[in-house]
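Here chain A shows up in two complexes: once beside chain B, once beside chain C.
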Partner chain A sequence: MRRPKIFYGQLFFTLVVCAFLIVPAILSALAGVTENFFVGLKSGFTFRWIIEVWELYSETIYLSLLIAVFCLIINLFIGVPAAYSLARIGGRTARIVEEMIVLPVAIPGLAIALALIIMYGGFRDFRISWSFILVGHVLYTLPFMVRSVLAVLTSTNFKILEEGAASLGAPFWHRFIYVVLPNAKPGILAGSLMVITLSVGEFNLTWMLHTPMTKTLPVGLADSYASMRLEVASAYTLVFFVMIVPLLIAMQLLAKSQRQPKKLIQDEDAH
Partner chain B sequence: MIRREYPRYFLLILPAALIFTTFFFVPMTRLAVVGATGDEGAASYLSIIQTPRHFESMVATVLLSIGVTAFALVISTIAGLFLVRNRFRGSETLVSLLTFPLAFPGVVIGFMIILLAGRQGLIGGISNYLIGYKVVLAYSMWGLFLGYLYFSIPRVILTIMASAEKLDPALEEAARSLGASSWEVIVDVILPALKPGLIASGAICFATSMGAFGTAFTLATNIDVLPMTIYTEFTLNANIAGAASLSIILGIITWVALLLARSLSGSTVAASG
Partner chain C sequence: MSSNATAVTLHKCAKTFEDGTRALDPVDLAVEGGETVVLLGPSGCGKTTLLRIVAGLENPDKSGEVWFNNDDVTELPIEKRNVGMVFQSYALFPNMTVAENVAYGLRVRRMSKPEIEARVLEMLKMMRITELSNRNIDQLSGGQRQRVALARAIAVRPRVLLLDEPLTALDALLRERLRVEIDSLLRSLAITSIYVTHDQAEAMALGDRIVVMSKGKIVQTGSPREIYNTPKNSFVADFIGTVNRIPFAMINGIGSPKGHDLVFRPEDAEIVEKSSGQFNGKVVNSFFLGDRIRLIVDCGTSEHITIESFQRDVIEEGDEISIRVHQDRFLEIN
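== the complex of A and B ==
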């Protein structure tokens, strides 16, 4: 097939945009494993900087993972039931509640962090522990879990299925565990990936909430950008990419598989 | 038919509600009150107009955010439309690459701009080779502009591609068969159809740019965007009331922008910048 000239023009434009986004990431990855970035690649390949990052900053990586896991657990226990309730209640009430839950995403993290510090900064033990950061992360990620689960639930026929189970005498908790949760699974999975990714990368809140003893990965990154040589900062960024890219790919694959939903029964109850 | 069991739904939503009240609504209310406890009381909310430093930072942030939004919309519409219209080998990969920086925190994006346009950056290296002079953009308004563009493009492209996929190609064919030129098709058929998506993603882009902290923090420019001003007031000047009132104003601006986006499109993908 012959392509018109404008096709190549647009292709070139799109490639330039793509290069703008990707070239710095590649540069960063290369700088992290290059002996001397100013001399260039010919100065040789090395793991020196990665090892140095590990020695200096491994604790920030552990703390970030710890906070992300706890954040996910809390999200599962409070976010999924909340999403189910909202899907059940429906209508204007549910929309208003959803609107309120989304507020922490709409308001800059800096403002929320400031509010938390002014309100709870006086509780010293709480202030200096990592649970102070966790609180911020839960506020910031909960909207994503709730909306993800809510979107899947409202697009499925869980109400009919739940009624079927109820008519067969299943008590509420059975219905919730064996009917609602399996139906909400794609939403829970997508929401969980989102929660982990956002928590591991969160900076705006965390920078205000952290203490010298509770540094997370992005806080460490900011620290290395300000005070370390370019190669160390790049190696650290590379470590971050290695953690975050698999999560991103998993999210894209999940989104793709959900684009062809296999529905057994269409939801007629909703209309 | 299961009756609507409101007490049960209430119980299930209670943990989330309690956490939100304790750690969000109450502290935010307190923040709003603290914002009114400065030397001038409630009038300290006017400092954004009356204190020149605050006013300048506000104007700079709004102008920067509008500029970034405009550029992000134009760039993403061209690239997004192209990718929706044309399927070719590698087009899926291009989409993945374009949306890849979605989960980068603002600090990392700042570092990307340093590598691209900083003192030892790529642009500087190329310009040094070509014209014997290092072009350094990263630490000026241009650096912020590039950084904000960097985190905006992936988000805007996703929204625009989603609305472009819903476009009916028959409309365009009809316009063409009636003699419309390519330009007329774009202006009279495609852009009006994309309008809700454009407004929604523009609002998201504007709100994210207004509240972006990490990128500005890493680039450490001497241009004070509003989040940096708030940060400086709080940490260096210990002006807690001032920081609180500016935060509330900033929060209201971004919230209203995103409310507009949601009312037009039904979903927002805002994240930290």
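== the complex of A and C ==
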């Protein structure tokens, strides 16, 4: 297929922009495995910075993962039924509720954090525990789960499916588990990946809410850039990448498989 | 008519929706056990609403009652009524195979696995889709999906079978073929069935009785023959088959006591010699349909007359013809 000249021009431009974004990231990652950043790769390849990161900051990695998992669990139990209710009710009420759920995304993380501190700062035990951060994360990620599931539900005409299941005698819980949920699965899966990714990477909110005992990975990262050697901070970033990139790739693959429509076999009725 | 079959009775069932639309005026309907009743009418006439009230998907306005034999089921939701329903869009579950779809109602009833398998196989054989057992729903053609929908609805041995325009989504040829199959299926099952359609040919072919509806009211109830030969008013006459109108003043020798238009069916008109004709016209269009000819004739009325004739004469556009309708073939309409 002969491509027009402008295609190569556009391709070049795209590659340059990608390089502009990716090269610094690669350099940063490289710095994490180099003996001495300012000397460069010539100084030698080493894992000592990564080991140091682990010794200093392993708790932050565990905490980030813990919060992400709990955030996901809460999202599943709150977000999926919420999306289902909104899809069932429809109309203006549903739209208003949806707007309210999405609000935390529009408001700066710092503002949400301040609001939480003002409201619940008085409950000391709660304030200094990691569940305080969890609350912030749930507020921030819930709209993504709800939106994701809602989108899939509204596109599958699940109300008719539910009527079909009901006509066969299925009570609400049976058709919810065996008909609605399986058909909402793509939305739930996409929403879940998004929730985990967002939670692991969340900084604005967590920075305001954290205490020295409850540091997550991004907070520790900022810490290390402020107070540690560049190589340590870079190694830390590398660890972060290794955690996040597989998740992002999984999200991409999932989105791609959704977009491919299944073929309908239009064979002639044999009878 | 099986004595075990369920009779369905509706008393004064009306339906007004939340936004104020009056979908159904108070309506009474009695369906005998084992009978197939067709609800026929144009879109918006309330036929689907009526079906959904029988199903339990909609509640009638207060004081409306739905009875299955001697049980008042008005307050029962659809899950508890033991009906089988076939939807216009089939409502097949995309996350299950054909066999799993058919088995769903049986699983809900917690039948044992071997019982379920046996019944599913029986249903697939009855609908002649055994080879599709493990296919996914989105791999099926329209006609195949329809058969799966029927198999699934019948598998649970429902008291009443409700069909909401099941053939509307299919092409004409397939529709005719499946119409015959559904007809023999309903007869062999001897199950009480209520069938909704806007296609009058379908209604005539399938119904033991037809209920013609318009704008939320029942206009006429009767056998296909009664509805066709003695329509109560012009709406029914127009909706079922084609109908011609002639102002009576035009016709020699025919007296209409009330001074109405004279109404007759295309196949009741005869092409005759000029001397024995009641009125004349000029052929505007001529269609050779194999076993008969269909002529569109301009007789000077506001709408052209349609005539169908089995005579073998060759009649073409532009010909002048004379037409005669036998006295008692005129329809009496108020």
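In this section, the second predicted complex is superposed on the first by the 251 of 271 C-alpha atoms of A that agree within 3 Å, B and C clash if a C-alpha of one lies under 4 Å from a C-alpha of the other, contacts with A are read in each partner's own complex, and residues count from 1 in each chain.
Definition applied: a residue touches a chain if its C-beta (ideal position, glycine included) is under 8 Å from a C-beta of that chain, and two chains touch if they have at least 3 such contacts.
These figures come from a predicted structure and were not determined experimentally.
When chain B and chain C are set side by side, the one touching more residues of chain A is B. Once the two complexes are laid over each other on the shared chain, residue contacts for A:R95 go to neither chain B nor chain C.
Shared-chain residue A:E163: touches chain B and chain C both.
Within the superposed three-chain model, A:N183 lies in touch with chain C and out of touch with chain B [touch as defined at top]. In the overlay built on the shared chain, the residue A:Q10 is in contact with chain B alone; chain C does not reach it. Looking at the shared chain after the overlay, A:T237 reaches chain B, while chain C stays out of its contact range. Of the two partner chains placed by superposition, only chain B is touched by A:L114; chain C is not. Within the superposed three-chain model, A:P171 lies in touch with chain C and out of touch with chain B [touch as defined at top].
Put simply, chain A uses residues 163, 166 to touch chain B in one complex and chain C in the other.
Residues of chain A that touch chain C in their complex: 156-157, 160-161, 163-171, 174, 178-179, 182-183, 185, 262-269, 271. Every residue of chain C that touches chain A in the complex is listed here, in rising order: 55, 57, 77-80, 82-85, 87, 89, 91-95, 104-105, 108-109, 128, 138-141, 143-144, 152-153, 156, 174, 177. Contact residues of chain A toward chain B in the complex are 6-7, 10-11, 13-15, 17-18, 20-25, 27-28, 31, 37-38, 77-79, 81-82, 84-86, 88-89, 97, 100-112, 114-116, 118-120, 135, 138-140, 142, 146-147, 159, 162-163, 166, 172, 197-198, 201-204, 207-208, 218, 221-222, 225-226, 230, 233-234, 237, 240, 244-245, 247-248, 252. Contact residues of chain B toward chain A in the complex are 1-2, 4-6, 8-10, 12-13, 15-17, 19-20, 23-24, 26-28, 30-31, 34, 75, 78-79, 82-83, 86, 94, 96-108, 110-116, 120, 122, 149-150, 153-154, 182, 207, 210-211, 213-214, 217-218, 220, 227, 230-231, 234, 240, 243-244, 247-248, 250-251, 254-255, 258-259, 262, 267-268, 270-273.
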